[in-house]
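The structures come next, written out as structure tokens.
What follows is chain A paired twice: with chain B in the first complex and chain C in the second.
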Partner chain A sequence: MTETVGIVIVSHSSDIAKGTADMVRQMVGTEVKVAFCGGNPDGGLGTSVPLIIDAINAAWSPKGVAVLVDLGGAETNSEMAVEMLEPARRDLVVVCNAPIVEGAVMAATEAAGGSTLAQVKAVAEELSAD
Partner chain B sequence: MSVPSETFKSLVKAAAEQVIASAPELTSLDQAIGDGDHGTNMKRGCEAVLGKLDAISAQPLDEAFKMIGKTLVMTVGGASGPLYGSFFLAAGEALSHDKDLPDDLADVFSSAVNAVSARGRSQVGEKTMLDVLVPVLETLKTAAGQPDLIARVRSTATEAVERTAPMQATKGRASFLGARSVGHVDPGARSSCVLVHAVCAGLEARA
Partner chain C sequence: MLDKADGQIFTGSVRLVHAVGMHARPAVKLTKLAKKFQAQISVRVAGAPEWINAKSVAKIMAMRAAHGSTIEIKASGSDAEAAVAALVDLVASDFPDGAG
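For the complex of A and B:
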């Protein structure tokens, strides 16, 4: 099996994160590694840097990982998580400026075809283009 | 000259306890223009810092700042985690590169404020914590060495928080409200003020 870009979904809500991952799996299948996390370190609404780091490592692929986020803090915490990865992995993770559900589905679809990380990110971010 | 570890420890303790005590106020400010979690997030982060206070204050000053930053990053759970985390990580980084406290306070504070600005891709005037931190930095520069430095820093922070009320948020969750964010003090600016005031009070108590 060829390696594909991994997908990580980071929401403030673990329900949204899991639901988005379920939709990706149903539409794209299991050939793309998908990991998700949601909720703050106490389990309430929010995001958690250690959980994001775990999700990125769980979805890890030598081709890299694309991260889809919902609101502001998810983005800031995801960027922080990327910086705290081991140095060899940092440059192979991108946080996409895209809507979380549509972006995750589009990114995973593109990844399934064997596209590069840059291509996966570009396809997800087309959704945010004017 | 450097800050004695006991002084550092008491200042960190006072600052963390003051933020924890202010959590209800921070939450109520955040309920007005954000998602209402700033108080609980900051409280969780500060409790984690207090839990590691002995280990933190046993480190050299640069490592101690980095440890505070990393603890906040890992435990706060909102955007304020990476923002305040980056503040302390950058301060620690500056101290690792030939800077010392209190002599280079303005330089160290400047590195820390720049890190917040970069992390949040934000500038002064956007109704954020920077609207307190940047004026405080200016006072640290202009009033350096003055006998009333602490008093001037305190009043700078107080006045700066109030100036965030008429601002319209363009960054963070409050930006979704657009013009409706006007009239409310920014919760991040308020928490920065709480931290600054706690350090001022701690320094005066030891003077």
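For the complex of A and C:
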């Protein structure tokens, strides 16, 4: 199997992040690497830049990584996590403007076919386009 | 159920036997399978005004094909005949796990 774009799911809630990842694995399959993180390090609601970086590393692919987020801080912390990657990898990670569950399933479906990062992002964002 | 139409266009139709119609999971399977072919592939619920790109998971989910409806498939390109046959088989066999 050729490399596919990896998927990272970032939610304020670890349950939502895990549940979304479960849906992707069940609906799309295991050929796409999916990593997730949710909650702050104390176990409460929130997002954490180091945990997002860990998830990006876990889902890493030479074709890139698409990040799906839920509310506000998940997006800003994900952007901060991308900023903290070494420059060579920074351009290979995109945060998608898409609903977290639908976007993750659709991004993974597109990624499974071997699409580029730009194509994966475009498909995830198709839902927000209208 | 394959008809060779004029030129390079192949068509097929198949009844959707899935209990709840074309919901998310079948849509993902159909899209994933379609993407394995080079051919341009379109589907529609029989008689619908517009054809839908079979490789667009968002559009396939949104087509809301109901249980018992007939799905029409058309494809053009080098592997179009195989693509139509594979998609007809996927729908007719009720989207088995591991397919797509």
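The criterion applied here is as follows: the second predicted complex is superposed on the first by the 130 of 130 C-alpha atoms of A that agree within 3 Å, B and C clash if a C-alpha of one lies under 4 Å from a C-alpha of the other, contacts with A are read in each partner's own complex, and residues count from 1 in each chain.
Here is the rule we go by: contacts are C-beta pairs under 8 Å (C-beta built on N, C-alpha and C of every residue); 3 or more make two chains touch, one makes a residue touch a chain.
The structure displayed is predicted, hence computed values, not measured ones.
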Joint occupancy of chain A by chain B and chain C, clash or fit: fit
Larger contact residue set on chain A - chain B or chain C: B
Which superposed partner A:L45 touches (first chain B, second chain C, both, neither): first
Angle at chain A between chain B and chain C, C-alpha centres, nearest 10 degrees: 150
Which superposed partner A:V28 touches (first chain B, second chain C, both, neither): second
First, second, both or neither for A:T20, with chain B first and chain C second: neither
A:M106 touches, of chain B and chain C: first, second, both or neither? second
Touched partner set for A:G72, first chain B, second chain C, both or neither: first
Chain C versus chain B - closest C-alpha approach in the superposed model, Å: 26
Residue ranges of chain C in contact with chain A within the complex: 24-25, 28, 31-32, 35-36, 55-58
Chain A - residues contacting chain B, complex: 40-42, 44-50, 71-73, 76-77, 79-80, 84
Chain A residues within the chain C interface of the complex: 26-29, 105-106, 109-110, 112-114, 123, 126-127
Interfacial residue positions of chain B with respect to chain A in the complex: 35, 37, 40-41, 44, 73-75, 77-83, 85-86, 119-120, 172-173
